[in-house]
């Protein structure tokens, strides 16, 4: 077991998969000699060369579309979007093509590929370097959507994503890249897509989260236990599509109360799907309204640090929301 | 076969008489399939048809150098003749239009005109125009990364040439000298919008220079000129010298589709003259002048084609309809048992904070 | 009062607004001489000329982006996307630019413009001429989203949208274009953005719908009354963002049961937001689980008519879902 | 002022001595502001800076023919010198970087480098590269529709030139001969990716031909050549002859931004030589050789600039910070009372099936 941060875990996953399978290649902006703007591909260009770690022109449509062509041909491309905020020029390829080619061709073509995207706020990136835009992809049938919150999950899920026969949108919360180190199993250990984890058990209420919010929720749960005697169960969804309904509903059945937390704005955010599903399928177990704690209804994280702090969700706001729900 | 004294043009291009008659036959067949589908549409058997009539010369000629099952093609909705030259059969095309369960393109899931065929290396086409151009480039990139001897070809209209993705595709292909051939079939209209409202400067071929690749304009009704351009582009790609852009000036003999009526926006005189620009009689005349095509051969070819289309239609119509039990299948490559995706190796369980 | 179908109502709204305000212009593919592929702009090119009814190149990115530039300059552009399915090349401009310029410029710039898009299935259009992709836009802060279901609403809401100081995504269900005629107030009558309507009152359960589903829900409600004695209230949301919470919650308070119906796939669809909100804010009034009836989890409407029928929601399926909920 | 006998180049272009000294001063001021912001960044007062150093010659020169408050500009993140030539003050720029409440660009909502200013006709810039090019075209379109005497200018890098939206913008502008000037500031890199990996064929100017517009390549360190190209483009636009594309070859004297270290990907020898390509001493030498610039004037200008930047910084730092009470405001143009939007005329209520 090595101690890695999330960025290192991601790099290791790609390195191991490229080593294992020569169909795996990386393409994106600045992924080559520079090693990516966050360093996720650092060292891979030197190791695998100019073609398998390919610097593309500054064109996300091309990155997504050419990756799909390569996947159709038989490669296993990993496309990096420099920031999730810049995926939109590639949206047509992702939504019209990558997600649909399998269905539209009656299963005769497929697009096994991964699109990696750093997302999330709290890094002084303002409106265009902070977005949590997972809802655009979780609502798109044909895609899988993954958002790990720990180094082991990042490595194991990225390996699973690269091997997956379907297209996977892989969300990496950039604030977590170097947030902490943790043990990561060596070698070929994968974390299955479609399975949530329960890093903390509790009986009083369930907190559903992913990405950076996992860290915040666990911290909040400690506070709640210490200060309120409230035992919160924390469910880290890890995969957003397909959603692990069994784990979610089992937790709601146990606690009777659900708090859904994410960083993106609330209206139409991914939390709506989680909440609606719990409200429908878990109706009989609910002892309080399914509550959403989400970012404010503004078009993006504002830059100035006090405005950014105002936007971001942290442990304190989770504690406050959980207290209110627990008291219901 | 009667022959003249001078070497015919096609021989200079390395084509045998058989080759050019084969090309001519392919054009006749594509046209016959196309016309049959309009009949079926009028008979209510097909909800929609979008035609390749007028494009057949350029399509057969540019697809001719392509090596079936080795090279790849990313077609567009008028690519009936290209797709058939590259391997699809009349029956495949008609089956797709009838949306039958075993339609090779989509099993009845897509509208007419959305060609594709895994066994033929023809990439499944969607509707948003221009997206396929990037797929061809991605395939060329993959072949280049792997060192495979593969050329990718893609077709699109002049209206589509203005889409951003087409620009991104050509530029990327130019940067890495990828083995890909861009065929723009310029028929002067994007539905109702004429060339001068679509393409600034009026020439798609002129854009090649901005991507460091040759941009050739050819008369799309001159089959051998189209062939020569495509042959050169194919060789260039195989020599590792990179992509080529071919702009073939063709005519759209029909309305945009069965949903359109071009008399609303096209000058009646212009519509009147269209027939004269039909590439099929033009090619026939050339082959007759050179003595390659005789009445007798013409008759034989037309009879063969007619029989082939009749047979194909009959067989296609007899195929099974899709059934709703499968409608929700093949969304993902494999079913997801219990919400999880199978992965090949040992998974770890639970969280690991 | 004139009897108009929805297509005529839309054309009339544009005509009147262009007459009233010379800042209003139309741009899009085939909107000029041809009058649009559905005929929505028929006659306007002849009346207002080449510049105010402008045929653009086949480039949705340009249509959205140039419309925004024109709006910033002071015009009131109406951009037509030929089909909602083809909006994605313009997604970057809509999401990154049009929805955000007001916030990011601290209110000093704005983009008053309308994007009209024919959407929806049931017209043999298959995967790419049938999409109900409203969820991508309802989750985008900074946009308003409108989806009328009657001729009067289509005219009144389009007029309101053209006059609105913010960008409005205007969804026109193409199956409803010529579905029926109904009375439409003459002249300058607008329907306010942000207000639902209640075309049928009922006490037993509430059906929330919009667009073509309004027609289906009303038909279903008649059947339910006739065959089951169940009185369903039908709420036509009309505006999806901002959502008329008052009307929604008042209806739930009255009936205790909510059925949310839309044509798009269920997971992450707009219904999730409606359902989640009802589940949270209306928790105390609910006598049954908030139920969603939505399209199946496939990437688009398949073409073959039996497959299309399988996909589409009609009155019969609404009746079935309502029966189950009523019996809860 | 000492003068030589021959007519200086700038006089031939119709520029007075005052004009060129004004241009030189504008370059000095932009550089001084830029350098000051790096200092503030190192001092922890600014989280991020992205520099225009090396681009000032091309920027001041191309913006010079533009008519403030009549023409429009859609800048990019290196456009410090352009934006200041077109009306923004040193204080505006520094205030934006400090994210103060009354920052004209965004009131502290956007990152440094995202210029905009309603009073100056400078369109608010976002981060996704290239989007602004379409805004400039849309403004030009609006002016053309209304018949206004307005020219729009936009700037972008050579990496950005490959984005699809830029292609769509140029093509549309070409189709309708819209009054817009496209300035591509080619500094040879898009972050770490060099020109030959970005631009197929190596020339952005060459793309003009594919859009039916002149594509001119100029030495971005030759201020007067840039001015001449922009002046001609501006006149052309006003004459209704349509858009122009100017590719100015400039140098990026700094790393891409304060988050980047160009020594990771750029040859040390290349980085070493950058200083020699600085447009400021190049222009100074030209003006000195012509006798327009003397030691005395230089000294005065530098002193003025220094004082201006000091004052601007002081005033900017004293401005108020944004407060969170307003953070949720100005999402929509007006608040939505009770979920409804006010519309000017009589509404109807309820449904009308």
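So that you can tell them apart, the chains are marked A, B, C and D in the order they are listed, and the count of residues begins at 1 in each.
Simple rule for what comes next: contacts are C-beta pairs under 8 Å (C-beta built on N, C-alpha and C of every residue); 3 or more make two chains touch, one makes a residue touch a chain.
Every value quoted in this text rests on a predicted model; they were computed, and no experiment measured them.
Centroid distances built from C-alpha atoms place D farthest away from subunit C.
Rounded to a whole number, the gap between the C-alpha centres of subunit B and subunit C is 36 angstrom. Between subunit A and subunit C the centroid-to-centroid distance comes to 30 Å (mean Cα coordinates, whole Å).
Work out the mean CA point of subunit B and of subunit D, and you get 44 Å between them. Shown for subunit A are the residues in touch with two or more other chains, namely 56-57, 59, 61-62, 85, 88-89, 92, 96, 100, 103-104, 127-128, 141-142, 243, 297-299. Residue positions 106, 108-110, 114, 126, 128, 162-165, 168, 171-172, 175, 197-199, 331 of subunit B are each in touch with at least two other chains. Taken as a graph of touching chains, this assembly is complete, with every chain in contact with every other. Considering their complex, residues 72, 74, 103-110, 114, 116-118, 123-124, 126, 128, 131, 134-146, 152, 164-165, 168-169, 171-172, 175, 329-334, 336, 338-353 of subunit B touch subunit A.
Those residues of subunit B that touch subunit D in the shared complex are 162-168, 170-175, 196-204, 206-213. Across the interface of their complex, subunit A is touched by residues 85, 88-89, 91-92, 95-96, 99-100, 103-104, 127-128, 135-136, 138-142, 241, 243, 265, 267-273, 275-281, 283, 286, 288-292, 297-300 of subunit C. Considering their complex, residues 25, 51-52, 54, 56-57, 59, 61-62, 64-75, 89, 92-93, 96-97, 100-110, 112, 141-142, 144, 149-153, 156, 159-160, 163-166, 182-185, 188-195, 197-199, 214, 218, 236, 242-246 of subunit A touch subunit B. Interface residues of subunit B facing subunit C in the complex, by the touch rule stated above, are 47-48, 99, 106, 108-111, 114, 126-129, 159-160, 162-165, 190-193, 197-199, 259-260, 264-265, 321-324, 327-328, 331.
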